[in-house]
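These are the structures, in structure tokens.
Consider the two complexes below, in which subunit A is the common component and subunit B and subunit C are the respective partners.
So, the complex of A and B:
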């Protein structure tokens, strides 16, 4: 498309009072290299009259539009002209509302921003989606427990074909082993019959669902829309193409043989799982002699909330034991149930069920730290406890003890194995080989063929749960198109697991629908641009394959990287990683940002500081500071980037060789509890920055001229001061010696 | 009938926003109606989320961006549902749009607020300070358009805001309007309110100046709050160095709220960090019945807080809270179950972990919906094509609300499909 430019400057919202508009227009034309007559101004550009100027120009052929007005975060509906290249230059927030009005520095800032806007549109192109061929919208659900069944049914009922793979011979998982369920609904009085059986019937008879039983996933190859999944059913393999995957591989109860200190191993000490089996069979009896149990003790947190076993709370065991106490009471009105707990955790309306149970005089609850289970003769047991409400040290007789065992996600064993492998790998090939030979390989779930590994990468400190790192975005995974649900994600009860299954199914649907349109998925769900590498220049250094947070880049047999485009989230981390600078998006590239930096006017007597700001958090924070009219140093030039992970080191070289005196990378908090929506953008930028600092030091160019700052969106009140202090430090260092004067 | 894929989301808080963007990104058209002048709901008032201690405005910003970039989502603020009729695939909904008195020409320059002579209690800050009748709640509010409070504004006879506005954005003659929508399904994301602590007389709720609610504590700790993030007590602006948190203020109490409000344990533990981070010499005591921090990260967070020597966790109910009128300090009398005795201690300030009341308790949706005695929607009794999410159904935290709201999106897709 041949670009026909239109440049529009709004003089409202203090812009006209802060800068000399005539001069701005003149220097924008000169500096940006656009004809003076395409630059127009209006006192309120967002008004219908102002917008008409732009619309009329578009009707007359203008297709590349630079709007010097307010932040792109506002007036987005007004300044929306589909089919044109648009760049919003933030004169209001970054100039009029943050800088001293009518100074030369402020004028230069406005001129630089306009010029950078023009450069961006000159270098950029209108995005056109890259839609891959032969896409599938079929969904794969791994796991036929309550979560997997629900996900399969929800997706099928929404009109999608589903392949459901279950490892066991029958569907249902743990839910099918329960005698009854915790009351699901108000008034939470009666135990509910298990729901899973109707779901099994529905799934098995639904024409949209194909069920594989006694089957595992041998291999998962490809990308969203184009996953080739090899399913192995009792030794026979079959490959099916699917578009997205819901991973609901479930959980295992904590290994009770490790709970010897709570009496496991004694005949009359059973787990909560065994209790369900027993209740389902009929009577609650003592395994030792088959007599009906009269005094049943439930030990909460058997393994859970214990640093030596499971440091976390398994979330549903309190309600489970209350339910099982009801089994005891319903099956034998003479029997009593005693629950020893650390805290009773029945959050939300589950509290009402707890209250109902407390009203039963045959149910006793006591807070206590159980220290052991001893023999009381003839199969009876003593529960020994400390710090109980009933006294410092207590001993209570029971004829059956039930251990409320915790949840271990199915993802834990493979992740531990893989973490071990990574650790061994760090010590060299010998150590790695030794690890592989010596360590028993657990059952993998996905068996991905991804360069970055066969399973969903674990998050530090999540105990093997394949959870999202984000509170606001519960279905974020680092493997696009693969969503986890149920107890592989977090310990959760059955109602929550069903809710979670529906959520994961929806995300899987979005994924297949978005790739069908050539669009990214969250967090850039609207984006139709894509990385378009100039492969001829690729040196196969593999930095992109290593650094891509989503494992979107694999390597061919020769070791040359290649994109699995539908896995890409468009953060630009590969663009930042590539030393050959071959990765570009239509509207975001190394050249675009580099040219913008080089477009900044450098003068002898003024400092220039470039701020590369993450557009998700840092940019809105800068806007917010401006809205509060907090003053910013006028020598600062802010350039938004998709993610700091896209920062290419050449920009630093561009800046310093041009004579820029300092550079700030402004991004999200990293490390544990990271806030980067592309996982580790600021962390990667910091790593790369540390490398450039070494180079700068070698060049005798003080590395203090570069700084990476981690800010959150809510720290806008402190942000201008942080930036201004940095400018002062650079001023103390002195001007960039490479300034060409 | 033509295919009706439109989905109505009632409530623009985090559940409603999530339900809306997730539904729209799966290919349906969505309309959000929000009672307040701004989207974002309760979480906009929070300083940080537990357990990550990250700012809610971060996720909100992304969701607002998803709305801005998605032509399939529209929203109405100051909008209340008046009437719902019909059935799945064909619900007619009447919506009352209250006047904002500010139109889309508003640029957010603050001139109206500067000119406005009327001060009113700042509802966004739970009355901890005042605001003008022409106002915006905070700097990252969305939509970024000022609003004029109908109740407090003196109207056209004053008109100072209209005079000050250079952009013809103020229209004091704006009238309420009615909007009708035909939708395939309806998602109830009506959210929650804090329990009225003035009903907790023995705890001094609403009576003792330095006894505040947990939501007020969020505002005190927020950089965009009344004290710019410094935790200063209301009576005299003194820095708070000793604080007590009273758990289950209303919750788990047959005389008030029989259920557990789910978030208060984690909220108080989180608020302990607010104080401990600002004032290293500060001390915090939490009085609780059970500490409920289910799951992995919550338990991890609790374990970490317990390690702080300046934090005391006392199992026991608070029996009485009184004020030392000379100093403004607050005296708490509580039982310490483990010590087996009554304890009495003085604090600079007390935070009542006020429970969660579904908004539908006071303001039921004008549709055929069954509620529990406490005002929560009973999901199984909903008509086909009407779904409830988040705290409309049961007390939950933000994470669970997001799961629920994402899951409900698939239900609305199913509704649209059933009537195709």
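So, the complex of A and C:
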């Protein structure tokens, strides 16, 4: 494509009042090397009249458009011209709203930004999607409980074919084992009949759903749109191609045999699961003698919120015990139900059910630390507790004790096994082999053929749950096209699980639809670019295969990395990782960013600081600061990057050898509560950054000239100060000696 | 701390609910009530623990608990309760149950607190006076003697026999019954909290001072003005008590005369005494009526926040109001020299009889139980 440039400057929103537009046009044309006649201005470029100027030029052959106006994060519908290369230069937020108007520094900032925009379009190319062949839009749902059934039905009713795999002989999961359910509707007074059976019937009779029972996933190969899933049904294998996977593998109750301190093992101490079975059979009895239980004690958090067992809250046990208290009261009006809790946690509408249950005189609740269960003779028990308001040390007689046991996600055992394997692997092959032979292998769920491992990678601090750590993308996993829902993701009740299922089904559908268009999925859901490595220069160092947060890069038999493109989320981590710098995107490459940095005008009397800002949080935070008109040092030049993980250290060399005085890598928070949209990007950047000192030492520069900062999107108000302080520090160090060269 | 065995009692919970604590179960133990309460001791504050004990039906702990009487039902707790559990009303119900638990004899407690027995209870003084009046022949030919054509109640019902004797007997009965009740209560409290070992004398004098000043009661915020109304009624009762003593002192020479002995007391002294107790009596009666009207108006004003109260409360309030109003009326009608004065006087006597004879079983007994609990609490260091 021969590029025909068009540069458009909006003078509205304070831009015209802050910058000398004529000078900007002149110097942009001169510095950027584009013909001056295609540089136009308009007081309201986003107005129909303003847009018409651009559209008319496009009709006349302009195909590469540089728009100096507001942030690219706004007005993207207005400034959308399909088939053209478009670059928005953020004159409004980064210049007009952040800098002192009409100063020379402000003018040169505006000129630098325009120039960098032009360089980017000159170096970049028009993205064209890479759509793989023979894509499937079929969805695989793993798990036939309430979550899996709901996900399957939601997807099937939206017109997608679904394969539903259940490892038990019957569908329904835990939901089918309940006597009754916590009320689902206002006024939340009457217990509901289990809902799952109608869903089972619906799923089994839905022509879009193919059900496999007593079946497990033997192998999951491929990538979104092209997953080859081998399903083993009672020993017979069958491979099916699917586009995306919803993992609703569910949970197991915590192993009550570990709760001896709460009396488990005594005949009249049972779990909440056993209580459901008992209620389903009929009477609430004492297992020891079959007599009706008159005083039933419920011990909440039995093993939950306990660092020795499950450190977390399982979310629904409080409502479950309140429900079971109602079993006790409804089956025998003389009977009482006593609930000992750490805190009653009844999220959402369950709170109303809690209120209703409280009002029953025969349901007694107290906060207490249960210390044990002792025998009271003839099958009776004493619940012993401390720190209760009823007394510092109390004993309460009960004839049946129910332990409200928590949720253990189905992913926990495989994750623990695999984490153990990794640890053993670090100690050498012998340790690894010993681990494999000595440790019983748990049931895997996905059996992925990914180089990075057969299951969803574990997330620090999530106790084996396959959660995402993203508020906005809760069904995400680090395996693109595989979405988790229900209790495998987080402890949740059945109505939440059904909402979760619908959400995950939508994400799975979005995934197959995007793959069909050659687009990335979240968070770059519009992106049709893709990593295009110059393989001839690849040294098979495999850094990319290890660092890719999504396991998108596998190795062939010879050990050469290759992309499973549909797994890629276009963060550019591979681009930042590659020591040979062979990975490029059409509009984002080592060369493009490097050239932009080099395009910054460096003068001897002024400092220049480059900020490489992550587009996901840091860049919006800078925009927000600008909207608040918080002033930024005018010597700062902000360059957005897809993720700090895409930062290639060569840019640091580029900048400092050019005479840039300081550099900031501005990324998301990392660590346990990371906010990186690509999971590990800013963490990897930090790791690479530890090598920056070497680079700077080689150039004989002070390592303080370069800094990596973490910022969360809500810290926008502090961000300009953080940057300005850094500039002051660099000014104290003095100008970059390379300026002279 | 010794291990306590908790024995939940479903029946007791149902009783508390039936006694006006219907919101009891709504409490979810957040402790807002204990935090906002101005009158609770800081250590082991009420009413949160009482709410929990009531939810578990821990009758023994609640009824023998002095804290319930430290509460003046300001209803700060009720106003701030996020769950609508109305701890003020629940404690009110528990106070009533505690008082009824310890009062003797038990059948009287039942009768006084059930509306169906109201007429029976009223019939006792009514029949008594009807019999007395009949025995004087006033229902027949005998006309009521007057003094120079003016009504003098002493000529109608000779006060020594028909007022003083009757009411002294009643007062003794009530006092004895109350004493038995509070003794039981004290024993129960001592059993529940054996470590309360402060000075009794100090606790007693502090309690008297507190009651005289209504110091604790005046800390109420949400239902302001109740302390003032209560104080009016309280002091008017004291005023009327003094009036009664003075009046009794004044009639003593009359009794001796009646039995043929002259004490030789100067008539002007007796006249002076009469002036004093008449002034005191009238002021007290006016204060009583005003006070009880304020009580009633407060009840309605605070209905939302503190509840209107039940039979137990209203029987007592209306009785006090009735005593005050009928007393004043009896005086004015006598002065107006109208014949209606006689039945009004009889009604007044019946109401006073009711108020005092049934005091140990009605809300009137709160004065004894509250004072007892306050002494006990102060002795236990829960001033």
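The definition used in the following text is that the second predicted complex is superposed on the first by the 699 of 741 C-alpha atoms of A that agree within 3 Å, B and C clash if a C-alpha of one lies under 4 Å from a C-alpha of the other, contacts with A are read in each partner's own complex, and residues count from 1 in each chain.
Just so it is clear, a residue touches a chain if its C-beta (ideal position, glycine included) is under 8 Å from a C-beta of that chain, and two chains touch if they have at least 3 such contacts.
Computed from a predicted model, the values in this text were never measured in an experiment.
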Three-chain arrangement built on subunit A, subunit B and subunit C clash or fit: clash
First, second, both or neither for A:355, with subunit B first and subunit C second: both
Which of subunit B and subunit C A:265 touches, first, second, both or neither: neither
First, second, both or neither for A:671, with subunit B first and subunit C second: neither
Which superposed partner A:364 touches (first subunit B, second subunit C, both, neither): second
Contacts of A:338 with subunit B and subunit C, given as first, second, both or neither: second
Which superposed partner A:396 touches (first subunit B, second subunit C, both, neither): second
Partner chain in contact with A:425 - subunit B first, subunit C second, else both or neither: neither
Which superposed partner A:734 touches (first subunit B, second subunit C, both, neither): neither
Which superposed partner A:501 touches (first subunit B, second subunit C, both, neither): first
Superposed model, subunit C segment overlapping subunit B, candidates 6-14, 24-32, 168-176 or 258-266: 24-32
Shared contact residues on subunit A - subunit B and subunit C: 344, 355, 367, 389
Subunit B residues touching subunit A - in the complex, by the definition given at the top: 14, 18, 22, 25-27, 47, 49, 52-63, 65-66, 68-70, 105, 107-109, 139-140, 144, 166-167, 222-224, 228-229, 251-252, 254, 258-262, 290-300, 303, 315, 337-338, 372, 376, 378-380, 394-396, 398-400, 402-404, 406-411, 413-414, 417
Residues of subunit A that touch subunit B when the two form their complex: 12-14, 44, 46-47, 70, 73-76, 154-155, 157-159, 185-187, 305, 311-313, 315, 343-352, 355, 367, 387, 389, 461-463, 465, 467, 470-475, 490-492, 496, 499-503, 505-507, 509-510, 513-514, 522-523, 525-526, 616-617, 620, 624, 627-628, 669, 673, 675, 677, 712-717
Complex contacts: residues of subunit C adjacent to subunit A: 1-8, 10, 13-14, 17, 25-29, 48-49, 52-53, 55-58, 83
Residue ranges of subunit A in contact with subunit C within the complex: 295, 334, 336, 338, 344, 354-355, 358-367, 382, 384, 389-397
